[in-house]
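Pasting a structure below so you can have a look.
Order as written gives the chain letters A, B, C and D; numbering starts at 1 within each chain.
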């Protein structure tokens, strides 16, 4: 991130460093741990510093607590996003937009074999968004005549959307949403080739958080979609 | 199209049949030829019938002429779309939305070997839309260090977007827009598996044309995007 | 198949027609039903006609019975193949050849939503062949750190190979074998675009069966692999 | 490569180090430069050390010179391979095997935008191998009805095989051979996810070179294909 000409790096702290090193910052990027992130947010917001947060574990209750913090410090904003990969965020958004125009939809996610959960959080979230868009659009369940199944062949059922998780050496993080209707298929695929894929999304957040009043959840709010 | 329960087929005419067979229709679908389509449109509009048109060859001049026709018959509308495949239309729309977030973009279109033009009209149009979105977004040209090229390897240059046309037995009509940025790739792909892929888009047009005042160009205007 | 200049169509029978219409044939192609195929084979072989068979349901016992039939009629041969799609047969063969060179392998098959079994017979067979090749090559099981799985996400386990079955409107029959090792992935994919994909394999069988002594099982025996 | 339990690293030299550091080795791996590789080979072979070579630039003349060197030192062998990525080597081999069974074949290679040549050496070599297999198999040229082409759209023509080169940020090295025939498509794809993909091929070479008499060219000779 040192390479962004219009931004200046004021400081960087690791887990045992004092936060005071960041006291001069306008924006703080927090990729830490659910156990400490709430304290970090309080520290930032109380000083008028806008936090950009990629740390996981924000449920409705935590988001409400952030909203209260921000309400007490007008003019200070926060961006919290579960995924800073722009391609992944666009994939989810497009899948949601396309969902109601196709009879069938399934998700195939592919990750390195060291991953503990299957399917991935991104795949589960995509399935939920797609399922909701289909419900709102009045789309019937995806047709499926399967009567003889070897257990697991048809994947996990997330809100009626089948999700398949591939684990393969050499892969990093990839996902494909496949939509099929009358004589045509639409595939939206995202490939993470290395961890630097979060950088442009984080930089976009840093540049824009000052102009987004209050709490913003999700990177898609910053993309002109 | 006979299978749509909420619509009634009033009549169907082939090229030497009299149009009068369609006089009772509310909507007429025109997939004919550039030489006759303007006459068909006049016939329809003058009778208060809404045309849904997939015939090619509509330039700015022809579209203006249709607007004049409709202005003279208030309450009569027309839909003219170069592509009624919903997946193809969504692919173009998503490519355009994503364009400014990626350093690089290229297009690979794949068709049956009987096709005369390369690249396809859809690929050319996609490249133009993507190029325009990149210009508006202030994106630099896609990086490319090629210094030794066997002629044609890097594809056709359409407004700075490289487009590759594959011709292969067994294929029908397919296109992939590949966008690459910092450590991640987004691929939007459309596959036509058979010609029936136009049906849902045409039916959508037939159902919606009555509520779209005047002239509507492009199926995307009917999709909630 | 009428289009093959070097072959002559002697006759074609449907299920209630007498087989005698085929008495002048050198080769008979049988795509019928497990209930009648053994009778058809006896009829052919006893007349010195070489059968080329795509009918399913041949287990070891039935194959032995065919071998006996042929032994009693020297000079008459038979070809029985579970799959006449050359691309599918090559996919299975290549997957088997590549299997021992990669740490990980998984299979994703994709079919139309009217299919009753999941995974497909071809996918199951591919998994068995791949598993056998890995065993012979002394390859350890594919690594997989999954500890939290929503049921079915990781697919069906066929001899230690994970197989995922996608069912999607507009698809016909498709399969992807994905192999991953140190920093690289090999993908072998087969797409059936329409049912005519069996034709070249059947024609190859018809041309070659006369020169293949006795019983030949599987189209791969006819390909120079 | 330090991780291979059955091999011992005797030494490693950079470009200005003396080769004597390697005098105790049984096998030397040479990934150097065309200007120095012939000297390195002489040094190794004259000492009875088997070289495994990934350096480029071996034409027929150089290979003949290596054969002479080896002939003068019976019992010393050499392996020279233009590509040590097993997935890439398998892709080329399978493409060659499949080539004669399909009407059409095209190649799409995709690389990072810093690459100077288009198409890649691997793509050119694949096209040559495929073209040769088609000639031997008596296959007619791939059908192509293109009459209106924007320059470059149909790719580079390498021995009658069309090759398309995509250059995209985030990519490393990827190639797809697409074969199409009657109603079916076979796709063989290789993705390099990072440079470590050469390691298993080099290790295979190191383990096997002692048992391969004389000069071996290409990694495929070591794979059981």
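General remarks:
Definition applied: contacts are C-beta pairs under 8 Å (C-beta built on N, C-alpha and C of every residue); 3 or more make two chains touch, one makes a residue touch a chain.
All figures in this text were calculated on a predicted structure; none of them were measured in a lab.
Traced through touching neighbours, the fewest hops from chain B to chain D number 1.
Considering every other chain in turn, the ones in contact with both chain C and chain D prove to be A, B.
Judged by shared residue numbers over all numbers used at their interface, chain B and chain C contact each other through mostly the same positions, with over half in common. Two chain pairs are in question, A-D and A-B; the one with more C-beta pairs in contact is A-B. With centres taken as mean Cα positions, chain C sits 43 Å from chain A. Inter-chain centre distance (chain A to chain D, centres taken as mean C-alpha positions): 40 Å.
Chain A and chain B, compared by their mean Cα positions, are separated by 32 Å.
Taken residue by residue, chain B touches two or more other chains at 102, 170-171, 179, 181-185, 191, 193-194, 197, whereas all remaining positions touch fewer. Those residues of chain D that touch chain C in the complex are listed here as 85-88, 90-91, 94, 97-98, 101-102, 179, 181-197, 199-200, 223-225. Residues 102-106, 108, 110, 113-119, 124, 142-158, 162-171, 178-185 of chain C touch chain A in their complex. Contact residues on chain A toward chain D in their complex (touch as defined above): 170-172, 191, 193, 197.
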